[in-house]
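The chains carry the letters A, B, C and D, assigned in the order they are written, with residues numbered from 1 in each.
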Amino acid sequence: MTLHIAVLVVLLGLFFVLPAYHVGAFSRIMVLAIYAMGYNLLFGYTGLLSLGHAMFFAAGMYGFGLTVNLFGFSVAPAFLTGIIAAAALALIVGYLALRTAGVAFMIVTLMFAQTVYLVILYFGEYTRGDEGFVVQQAQRSFAGIDLTGETERYFAALILFAICFLAVAKLVQMPFGKRLVAIRENEERARMLGYDAAKLKLHALIISGAVSGIAGATYGLLFGYVGASFSTVQYSIFPLLWVLLGGAGTTIGPLIGVIFMFYLIDISSGYTDAYLLIAGVALVLLTLFAPLGLVGTLRKRAFPWLP
Amino acid sequence: MLASLEGAVISAILVLTAMGLSIVFGVMRVVNVAHGEFFMLGAVLAWVVTTTLGGHPVFGFVAALIVVPVLVGCIAAGADRLILKRVNYDPDRTIVATIGMLYIIQQATLMTYGPEARPVEAPFNTRLSLPWFEFGDEGFQMIWPWGLSITSYKLFVIFAAIAVLIALWIVLTRTKIGLIMRATQQDSDTAQAFGVPVGKVYSWVFGLGAGLAALGAVLVVPIQQAHYLMGGDPLLLAFIVVIIGGLGSLPGTVIAALLIGMSDGIISVFFSPTLAKIIATFLVAMVLVFRPQGLLGRAPS
Amino acid sequence: MAAVNVLETKGLTKIYGGVEANLDIDFQLRKGQITALIGPNGAGKSTFVGMVSGRTLPTRGTVSFAGKDISHLPAHKRMQLGMAYTFQITSIFPGLSVYDNVDLAAGRKLANDKTALAQKTTQVLDRIGLTDRADQTAQDLSYGHQRILEIAMGLAQDPTVFILDEPTQGLSESEVDDFVTLMKSLAGETTILLIEHNMRVVSETADYITVLDQGQVLASGTPDEIHRNAAVQAAYLGTTSDA
Amino acid sequence: MINKINRRTALLGLGAGTGALAAAGVLPRSMGFAQAQSSAPIKIGFQKHATGIGAAYGRWYGATTDAAVKRINDNGGINGRPVEIVTEDDGTDPSRGAEALEKFANQHDCDVAFGTLFSHVVIGSAPRAGELKIPYFVVSEGHHVASGGLNRYTLQPGITDVKSQVISMAPFVANNLGKKVTMIYPDFAFGHDHRDFFTQAIEAQGGEVVAKIAIPPTETTFTRYFPNIPRETEVIYHVMVGPAVLTFVKELGEFFGPSRPEIFGFIDSLEAVDINSSGLEFLEGTYFWEGMPRHAQADQTEYDKAYRAAVGVNERGASIDDPANVSTFAHMFGCWETLNIIKAGMESADYQGPQDRTKLIEAVEAVTDMPESEDHPQGDKLFNGKTHQTFGKQYISKVSEGRLVLEHTASIEDGLYEDEVDYTTQSF
């Protein structure tokens, strides 16, 4: 737990030392890291590879954005609606998709996410389809604080990140978290120890979906945009990539994965137009030389105390 | 009528794309995210070959049909040796590695070939009209309305898909290569013990899978255009088809391709196209929910 | 009579595609005793314990546990009632430490009491002789130690009924000896259903033996009775030589 | 490259001189600083679709931008200062687009940002522009600016929005092609704009839309949707975007064969595609909306000629170096004109640096008429400062012997509609 606090202290300190652009970048990184943590809970801990998590991110985002835009909700209830929407979607998806496992689970989640994406486009009258819509500055203040300023945004992102980060860290140390790991390691064995694997997986999916939904709602709140591109396959593959890069099944891995990927693209695109080439080569090299992701490999090779 | 004919064309294209993935996934059990990029490479190289050679479209097309799959197959086999072999085909690391490959192939294509969608001329493309019968004011009559037609090339694609399928089926079930592949698929450790060079088989399979994707692309590119981002959708659809059909089941793959190719065409008779697509996507997913092993897959014992 | 039988099956039948893997099996497990289930390969032993533990659904018939019909309960519910099960093919949590493996097994009952849980885990590891390997990753253990770990996971649950599916398969002679000692020490503590090929283990541990052949109960009785049973001898002599 | 050279010459000419003076203590410090600053380049952040689905547009937007900046610099820059373009790829993705704006404002210290085509990228970026208080000039043709959904920092002065384009087409379609229209459009916001605005406009002309065929995105073949075209259809109205456009138009041709209704399409369906590609023969005699005529017309203006020469496209709208490389001619003029408007705005606001950004916006808001000229080769424009949207002439061409021949020019008045927002009432 002290290590987790240390991570948060570093993030707090970064605000005072980083130049303006990177403060903005880290606001975004922390929001995406929430998404990655949500994903990690299901993939890294429970061992379920979903290819459709963008639907939960989108549910949070649209749950927040649509209630603000259509019904004039204020931030708190809209944000809550976003989380509930994501959790409810996860409940339904889990009820159906968890009948499958392995590749079938990947495909079912992929197709459900595709269905959600098409639904967003179909109701273009309200969602403005692929274009999406803006959540106006005036609608983005909470308890009198205008969340559109750089400082407010950073601290809002940090607080939400901290809550999710500590909650996830706590969760995976609780018996519940250990049982999820047991399912990842050997589901049949877990069941034959008397654990209700189906129920545990459903709970894991709901929590994972809800955390992803928090990320989506936070994105809408802090960056003022809600759009269908966040529900495409690409945004389902991103968290998988981040988690694998950082280290699946580690609490700090998702954050590291997001930072790594963000700055890999950010920095290489400053030098060349062919930055995707560099990113591609980096991914290949990384998986060759850091098989467990950055944190996972470091933990195994040198620093067993990494969270 | 036209909807089903078009559905057949779409299914044929799907089958061609999915077969390669079916083999790779079936034998090696790795998710190759870059599979769609081999498809794209096939289409792009088909454009390169036909434009470099010039001359009559048939000449260029036939040349592309032979050269391109081999070329793409070699690239893929090389990538397998260079990268996948070294990550021991670990499922997680393969995903990262193939995402990396996807970026590399896409960007390399963007830098050399460019962002445009470029057409390849079909070797033949006659428009075939179909008659329609109806009772009009003057009784029963035969008319030639607009729309009721298909091109000869599209029919050719359907037959080509069937031909490739039969050839593949023969190779897999009647030859030693097929036997080795099936043995590796069943149990790679045992196969190794019986003297099957599993490492080499994997490279061949990976190359063959990519080559098949490229072959499909060469056949498809006169209908669609070669574009550096064209690999994404075929990848997803092929993946879906393979899983819905049932892993390692060639007939299952064909049925799934028909199901997906036809379903939204038929549903769109009743609903608006996007709603039809929503329903079709959802229903196809439900097939898997209630039959997780796929249509013709065997339930795990 | 019913009180002493902690587990009973009536007419338990499993038909796979027309083949009767188990047919009308009536079986009783006597409380506090070690019952061995033996029979030649393909006799239907694994199918039977599969149905008892809930891993396999029966075609018909009932299973009752402590007087309660559990035929329709899923496997994990049966475990919660007090069964424990070790697999024929070793099944542990390969990526976790030995300690965590046992901890998870004990943790279903004791998760809310950290002290009791730690105590239980340490005690089981001690008993089974894995204390000095507690921090090792389970997949790095030798085969024999993995099998022992799995038995430890069974013990950690304090089961009413402990089902062991061919626990000594692949163990060395000395490891088998240790196993026999362990089984004997459990006598009276718990009820054990032992599926076993190794007749030495059976004769040294079992209080009671049921013989399955071609999916049906061929004979039941004390080791002596079974030893003298003509039908058993015929069946065994006809198929295997190690009896 | 050009910008760098200009920057260096400028520095040599002014900066080095004043620097030497300041160093020698001849000038007071503050004055030396002011001088150095005023000779520093004006930095314009250019959000480019370098990768992703919009890359074909991005490439030509880039070429046009370079040409426009070279011309501005050759003519003495803005307020005597050279212009430097800072390019960031937006990946045709709204999230990346917003990041690009953050870079312009906070990392590169750009004076203004200048934008991109795809609406979702614009809408995803606009909130950041408002928060970072950096003027954001977009070249997207979306109705997002004029609809009031964005903010005071976002303007579209260089290209007409889709609503205006669409409604100005209705009179011609109804009077010359037919009254019963079937629309085929992509089933997302851009397509819905076409559907909604055209349906209203054609009804106002006494016509009707007999069928609306929305094509789901992610579709790569289209023939199966065509049987839904009713037989009574007199005119097909089509608009499609993305890499599959050529397939779409080809299949449309294959579907109809020799007996077809009139066909009117937005050139978006064939932007960056040669009209003479095989399979497109059936387009002979069909009509296209063009933002700016791709093929040089018989009465080509001097402005058009100069613009083509500067950008490097020939009389068929393709690259001079590679005639097979067709440009996105109907849209990319917007980059050229927008940069000229930024220049005009900065000069009229006497723009010195980021502290004058609001003055710049007010100056652009004050613009009304922009006559056809070298700065505005596409034609006359009328800018509405309240809605931040420009309105220009629209062109309808007919395909004739493989050429797009101008058939009708819709006047600015044909495309005007009531204001939906007044951004000037919003605070900065």
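The working rule: contacts are C-beta pairs under 8 Å (C-beta built on N, C-alpha and C of every residue); 3 or more make two chains touch, one makes a residue touch a chain.
Only a predicted model underlies this, so the values are computations on that prediction, with no experimental measurement involved.
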Legend entry - Intersection of the contact lists for chain A and chain C: none
Legend entry - Chain closest to the middle, measuring from C-alpha centroids that were averaged per chain: A
Legend entry - Chain at maximum distance from chain A, centres defined as averaged CA atoms: C
Legend entry - Separation of mean Cα positions, chain B and chain A [Å, integer]: 32
Inset, instruction - Please compute the C-alpha centroid of chain B, do the same for chain D, then give the distance between them in whole Å. - result: 37
Legend entry - Centre distance in Å when chain B and chain C are each reduced to the mean of their C-alpha atoms: 49
Legend entry - chain C-chain D separation of Cα centroids, rounded to whole Å: 75
Legend entry - Residues of chain B engaged with two or more neighbouring chains: 107, 110, 274, 277
Inset, instruction - Mark out which residues of chain D touch at least two other chains, giving numbers and ranges. - result: 51, 187, 216
Inset, instruction - Could you please write down every pair of chains that are in touch? - result: A-B, A-C, A-D, B-D
Inset, instruction - State the interface residues of chain D toward chain A in the complex, per the touch definition above. - result: 50-51, 88-89, 93-95, 98-99, 102-103, 105-107, 119-120, 123-124, 126-128, 130-131, 142, 144, 149-151, 187-190, 192, 216-217
Inset, instruction - Note which residues of chain C are touching chain A in the complex, please. - result: 53, 55, 75-77, 79-80, 84-85, 87, 91-96, 100, 103-105, 107-108, 111-112, 153, 157
Legend entry - Of all residues in chain B, those that touch chain D in their complex: 2-3, 6-7, 9-10, 13, 107, 110, 114-117, 119, 121-122, 125, 127, 129, 144-147, 149, 151, 223-225, 227-230, 233, 265, 268, 272-274, 277
Inset, instruction - Can you check the complex and tell me which residues of chain A touch chain D? - result: 19-21, 24-25, 28, 118, 121-122, 124-125, 128-137, 148-150, 223-225, 227-230, 266, 269, 273, 275-276
Inset, instruction - Show which residues of chain D lie in contact with chain B when the two form their complex. - result: 51-53, 55-56, 58-59, 187, 213-216, 218, 220-221, 223-227, 229, 231, 243-247, 250, 254-257, 259-260, 272-273, 277-279, 325-326
